[in-house]
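Read from first to last, the chains carry the letters A, B, C and D; within each, the first residue is number 1.
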């Protein structure tokens, strides 16, 4: 296996900076700043691309063309929209809680960015590699609900409040399923560290190694994570036909754009976790016993594998959104507590049995 | 036991209906270039042909000798439910006889509801519907149109 | 039920009822005081069973103000038209039939809005279409359209 | 007189008011509902109408009978043709004019095409209200084929003004039959997709089943007609009850369901689309030759008296009541609009339901606001 390890590059950069500034606080600060700038740039570019992708994908589902006027195939449409949102007036609500109202979108976006830090894009290409990586991602990604609750509460709008309360109930419930379905794989992998999880999938991806329980876990993860990102059919917090725009009814301009962006970035985070945990992340498709095939697969760079898998899963989530009607709040909770959670618990037990008896590949 | 069977039949039945729905949208996604029905409106202006009965606006057809068929009888004005037609007539001296003719046939497009009564009731078939539908304008005076062209006269073959 | 039997039924319930000629249905003019009891009987009696309020129309008969009711029976499929009116143009009051037909609630509000006829025992007698500050009742014949909204043509 | 206006209530910890509308995505126009909520549960609601009140009845009093027709287009714009037909039938009935058979056939076919187009629009909007946006585009796409037929033959896509007393304005085009058949053949391949995408979907079923319940007796008392009434088992189809135009020459079923919930109303409409297609198929090849309109006097004066004419519009019974004093204008004209009666039942139906169900119920009633406000 000759996959390029990005840690070589990063250690070279580190050596270069350390050579000039010496090991210490200054170097760390400079490195962190560089990482931060890289992430914010990546964040913005990816967000714009995802919005474009959503528009095109949903257009094709709906027998439409999608954006096609600004730039070739409408590629610059999202950039134009972004500029428009930047220039729009920021409406301040007279009776809103100003501080919370302004801080809410940033909480949402920061939570998403924190979660992004732990995602391994290629071998050695990640900002953080905790040994409790999965736990960290779950913890940070669920922080976003705080922002949504605050946004709904501080807007002083009843629609917003209903949306925020729905979102709270929804995320608190579905966090369980997301966690448990990831735990199923953790049982199989024996580690919570993302780099270790990917290394464990060198022979074959976990969804194949863990066969039935892993597949069930994947299905549950897909459902639960779609719910956690507040995307249709679980977009009750927005529910534009009931609550006009839910928790962000009163937001405009760039603050609205932050909410908008965070929805898409959450989707990316969730999809990349799914691809990392179930489909080996940047690990190429390996089938045990077929050395030649595996060799050919290795020629594709890992970053292509990672984004290929992630965008496939994002496409799947878009497919859900543009096909299904929205659930009602009681049905949403019924789905979680009556179906997903019991199945998940049984599933994790089955996985434990499989691991104990070596019933996996 | 029955309850458990019901639980699983609910679950799998539900998943099956969801997959059927996804099959429909997925089919359209895969066949998307063929299935797209969007009309590229301003681009397809050259090929866009409206049906001949399409009620775009009321027009008064003139022949190549700049003659129209309106005698100025006022039936269209009377029949119009919302007063969008105004006829200003004048008296001409033709063959030493005083004769009524139209001076201006004013049509207020902004008030028209396209009911078609003027066209239908016109005894000399002087009015017709035009197919132009791009009426948008920033000047409201542009909606007050004079249908008879300047200098036009009544054709000879219209009986009084 | 034949039209003749229906006429007899109406006359027995409301002795003051008179009938006008119509090819389509029985049209009965009922005195204001007998009206509610008549409708109640028409609805509850098994032979008539008028349970469906088709339409409720306010009419300015000039000088009297009235309401025209079209009732139909969903089972027996016969239809009747009832008219009642009041001569008081300043403070016209009729009986509400909302307690018999919930469908009448909004329609009576509409009549109040456009003709100014108040209905006794109506749960929520407010204007429906026009704002509360509107002066006059537009569908009355003596209504003067000061802002010239409706009278567009001459 | 007690003013029971719930807008005067104050918000408390338990109960609060929200204004749905006049600008709200799911009220489909400018209807305003003041909803009293307890958490997500609807306690009661009050409709506030009049945001699009144009005084059509007052305007009609100043117009002649031919001029009124184009005003009725603007009531329930999705069943514009049926509304026109109601006025025309009333005038023809009062003057005892015999309408040519050809006109009757054309009217019936266009009516059923309107019903089909209206139900397609309703279907896509119902999906959209429940959050499945894709249905909206599929419904509109299929509706376009019918609107093209309208445009070619009547000149208008939505509001055709195709009827006139005595018949129809112009004769149909020679391609009419061919185009209608093609359109039906096309739609028959698409209707199963509607069922796959929405009707069968488990989320949709759960959302609509047992919500907005109304019994047959209540539906009659509230005057609910059309598919909404038939979803509760109220046999109210005017086409069956008092056949007009060419409805006595075709065989079709009146779709009745007894459940009385949103799903029943949905299914009634879905089945009505099939019935409409069957009616058109029975008529399309048998359009008799002859005049497309009877000769009418240029100035129509109705004899003194009162007239009531009912037709089955897309949303229920549309009625026209005319009080004539023998002049060329009606003394009083009233349009009995089906949506107005259906709206009055909304409060009853949505009590105790969730706010998300309220949206589904409104969708299943298929309210068209200009018809309510008139």
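In this section, contacts are C-beta pairs under 8 Å (C-beta built on N, C-alpha and C of every residue); 3 or more make two chains touch, one makes a residue touch a chain.
Just so it is clear, the structure is predicted and the values come from calculations on it, not from any experiment.
Chains touching both chain A and chain B: D. Most remote chain with respect to chain D, judged by CA-atom centres, is A. Chain D has the Cα centre that lies closest to the mean of all protein Cα atoms in view. Inter-chain contacts peak for the pair C-D, counting C-beta pairs in contact.
The centroid of the Cα atoms in chain C and the matching centroid in chain D are 24 Å apart. Per-chain Cα centroids separate chain A from chain D by 45 Å. Chain centres here are Cα means. That of chain B falls 41 Å from that of chain C. Counting partner chains per residue, chain A has residues 61-64, 322-324 touching two or more of them. Under the contact definition stated at the top, the residues of chain C that touch 2 or more other chains are 152-153. Shown for chain B are the residues in touch with two or more other chains, namely 18, 21, 24-25, 37, 81. Interface residues of chain D, counted against chain A in their complex, comprise 16, 18, 24-26, 40, 127-134, 136-138, 141, 197-198, 201, 203-204, 206-207, 354-359.
For chain D in complex with chain C, the touching residues are 1-5, 46-47, 49-50, 53, 55, 57-59, 62, 93, 217-218, 220-223, 234-236, 241, 305-308, 310, 317, 319, 321, 323, 332, 334, 336, 340-341, 343-345, 348, 373-374.
Looking at the complex, you find that chain B touches chain D at residues 13-14, 17-18, 20-21, 23-25, 37, 50-51, 53-55, 79, 81, 113-117, 120-121, 129. Listing the residues of chain B that touch chain A in their complex gives 11, 18, 21-22, 24-26, 28-29, 32, 35-38, 40. The touching residues of chain A, counted against chain D in their complex, run 58, 61-64, 158-159, 162, 232-233, 235-236, 239-244, 322-331.
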